[in-house]
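Both of the next two complexes hold chain A, though its partner changes from chain B to chain C.
On to the complex of A and B.
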């Protein structure tokens, strides 16, 4: 068994599609609660920098989003108080909190998604869809840093030659325009070399295969099935109408039937599965070290 | 067994008056390592590209090129591997593993055999630890090794390398050449390699092919070819030091390696020893002074310059030598004010660098020529470039008139360097900082640059140059300094500097060690031999 991060990128991608998709389509306090808690736990598990700033900014965003709904939307039967002839209702307030919690949970998920799915993993997933897109992405990822470093080299050289002064805006603009123009030439020039090199290595002669360093192993299959099953159960519970929540005109309350409980539990497990797998790996590793 | 057979190959570029290649014929046997040499513009690249049909230039071609008995037109790309000069631009993808797999993906191989071949190749080249890395994080030498590995995965029968080490420093270049030799020996791989830097390749090659003006000047075993080259100065100047000494002495059997060179020199007497050059450098004005300079790129990273102190006198050529990543280029960056040290002072003509405000530093005072010479140019023709800089073409110490209407990128390495000099000299700098001025240059261009630098200092300019090229430093420097771990550990005039070093020194110094004192250039060594005369003649 490997950690969540080491799973096949396609499986990771599918997990995120399921967990984010369900969270976005069901505005249900239980599902949103699981989603947010799971997303934050996941973030805390894999974040190595431990900077507090991101949490503060997400909390501020949450507060603003949660306030906007009751201030501008006055539907609902339970009036809490009235401001400037505008009723602030319990239903609108709760809806605001649920909806913003959902957004924040999705933002946390995207954070972890970008940390886990590095460029090569994304390319692998896209490569499965189209080998050409994958090659173009790979070439772009190679080319952009190269061009950026060359531009800064040109700029430094010109500065040390003192040809374009910095204290004069017109000269600076003129200098930048020249640098842009020569970088275009440079790109075309080097494009030719790259094209030569591709042709010399037989590009375009046969139908290309798409090699990748990622394998699709048994744990990947198992986890894929587990993710699909959990997402399927949740979707079934939600679609049957037993797991669901309406805010307007009055709060419906959470209905507890065997199916809805199963659905909620399934989503809870789905949401917390990655941090659990990561934690399990960490514990197992500690144990293995203690035996050495 | 014959693997490559070229008969009467001629080639003319469209609109060109004269043919670039004129009835070239030679053949290469399987398992041979052939070194191809010739001056810039002699048609080396054109010849190599004509062997690889995917890279063949457009133009009028006659004659035949046969690989394993069939015309190269019928070859598949994986028959012949080709590695080019620039390590950066022949790389296609962003990851090392993807680059290695690229050729195999193009052949449409299944996943399992690509996995096996890339794994095999990366362990052969010792790049397993870099398999998952981004190529942009690698050094030039590592990139070129990836290029070689990426060509070798397709198992070519013939490997062609077009000046693969021109952009590398000498130590990395020597490693690269040795890897090529290892491939040649282990796999009996046939290799044709064009090189400027012949010091390394000639002792290793089986055959030497010399072309001049598109014709085969000589082809055969390196010792036989070297004898025929004695009278060809423009090709001889790029040969190993031992060969240059043999040429100057007119030895019947030329020495090519350091060992052979030592044997040759020892047949001459050593009663006459050179005088130590006692050039009085005391009491000269200081042009550039570093005092306890510290610099690091980022707060968390270690210091690159650690208390760097040195001073350069007015009107001298000061060469800073040192390994990769020792901080040489960073020191030049500090001197030119592009990057700012966090501690220490830099004085230029006695005035602190910080006190040069508003670009006054770059006005008739100091200029930096970068390592990547292409970054100097911004315009579409050399003429516009020089007009922009305000260069007076007629006052230049060299002639650029044949190139005025070309794009600067179309010039050869040496011409590009001269053009950059023209642009820089228009600024009338008193101090000129040069970063690797001989990178990618052939021997003839190097001699031109050395002459130019000497002329400039004679007119009062101060030159500080950072270089890997010990032969260049020995020829032109007034003082050499060894840079190590962020500081200068020793500085001395080149005779003294190179005769005291035993590894970091010129080939001529290694050849004459223990026989002559202070003979660090091939010219000097030959001169001393002639002065002393052969031992046998004396007895």
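On to the complex of A and C.
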């Protein structure tokens, strides 16, 4: 068994699709709670920088988003208080809190997604979908560092020639514009050379093959089935209407039936699965080290 | 991509998706689901549109040079995103659409959204960003000849597309927050986004004003010299 990060990119993609999809489409306090808790735990296990700033900014965003709904939306039967003839209702307040918790959980998920799905993994998934698009993506990704290094070369040359000056803003803008113009011409010409070189080597004659280091192993298959099963159970519970929550006009309350409890449990497991896998691997690593 | 051998079936899918399946999906979705699930429909339509475009592009015979030039334009878009406050992404997308055709414009817009989000952070908004920027490039490609001739029209298109981009993204924000379209929430989102909207419109104007002519000349030269 490997860590969550080492799974096949397609499986990771599917996991994110399931867990975020369910969180986004079910505005249900239980599911949102599980989603937020799981997302934050996952972020904490993966994040190595341990900066507090991101949590503070997410919390501030949460507070602002939670306030928007009761202030602008006045449906609901339970009026808490009245401000300037506008009733602030309990239902709208609770909906605001749930919806913003959902949004923050999705933002946390995407933070970890960006950390885990590096460019090579994205390329692998895109390559399966469309070889041509994946080729364009990989070339564009390669051009960015190339352009950066070429820009510094051009800037140094301009300085050595005495053309580029930083005396005042007008000069700087003029100089930067000239560099951008040079860069555009250079990269377009360079692109043509690349294309001719590709054609000379036989691009487009045969079907393109692509190499990747990712394999679809047994653990990948098992995890794929587990993810699909858990997401399926949750979707079934939600679609049957037993696991659901309505805010307007009055709060419905969480219904507890065998099916809804199974659905909620399945989503809870799905949400917490990656940190559990990561934690298990970390414990095993510590254990193996202690044995040496 | 799954290659469909039967040409008739392929043609059927090509026409069925944009003209039958997507409208039917939208209508059925909006009547069967209650209004709180409108977000599913919007996300589904966005994903299907992108898929239709990508599979169409996959099948098309594009020259190698055209392909590489498209990726160069994408890289220029993303490269320009590191400029603080003013983002040339929309301007470069519009120029690509005008001089390289609508399809390349769509591709440049959509793909620069993906790549710049690799650096800036992916989110559920990626699909909508791809669609919004892609459409801006595509429309620029359709209206290529009037935009090429009339400079004032080009600048107006740049400013309008900056505002439209913000408006489209705010529709998505509203749908995401409320599940359905709530006018009050949409208006509040628009009001909070005013600084961004203005910066989009202004940066499009500025970049098109300064970039359109020299950039166009360079691409025109590519066309004459290499036939791209």
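We adopt the following convention: the second predicted complex is superposed on the first by the 274 of 292 C-alpha atoms of A that agree within 3 Å, B and C clash if a C-alpha of one lies under 4 Å from a C-alpha of the other, contacts with A are read in each partner's own complex, and residues count from 1 in each chain.
One rule holds in what follows: contacts are C-beta pairs under 8 Å (C-beta built on N, C-alpha and C of every residue); 3 or more make two chains touch, one makes a residue touch a chain.
Quick caveat, the model's predicted, so the values are computed rather than measured.
When the shared chain is aligned, chain B comes close enough to touch A:158, but chain C does not.
Looking at the shared chain after the overlay, A:257 reaches neither chain B nor chain C. In the superposition on chain A, contact is made by A:194 with both chain B and chain C.
Look at A:135: by the touch rule set out above, it reaches both chain B and chain C. Contacts of A:119 after superposition on the shared chain: both chain B and chain C are touched.
When the two structures are aligned on the shared chain, A:204 is found in touch with chain B and with chain C. Once the two complexes are laid over each other on the shared chain, residue contacts for A:57 go to neither chain B nor chain C. By the touch criterion stated above, A:181 is placed in contact with chain B and with chain C alike. Shared-chain residue A:172: touches no atom of chain B or chain C.
Comparing which residues of chain A touch chain B with which touch chain C, the overlap comprises 119, 131, 135, 139, 141, 181, 185, 190, 194, 196, 198-199, 203-204. On the side of chain B, the complex with chain A involves touching residues 52, 54-55, 76-78, 82, 84, 86, 88-95, 97-98, 101-111, 114-115, 118, 131-132, 135-136, 150-151, 154, 333, 336-338, 358-359, 361-363, 367-368, 370, 372, 374-380, 388-389, 407, 409, 423-424, 427, 433.
Touching chain C in their complex are the following residues of chain A: 20, 24-25, 27, 65, 68-69, 72-73, 99-100, 103, 106-107, 110-111, 113-114, 117, 119, 122, 129-133, 135-137, 139-141, 143-144, 147-148, 177, 181, 183-185, 187-188, 190-192, 194-196, 198-199, 203-204.
Against chain A, in their complex, chain C makes its touches with residues 1, 36-37, 39-40, 54-55, 57-58, 62-65, 67-72, 74-76, 78-79, 107, 111-112, 114-115, 118, 121-124, 176-179, 182, 184-185, 187-188, 210, 214-215, 218-219, 222, 226, 228. Interface of chain A with chain B (complex): residues 119-120, 131, 135, 138-139, 141-142, 145-146, 149-150, 153-154, 156-163, 165-167, 178-179, 181-182, 185-186, 189-190, 193-194, 196-213.
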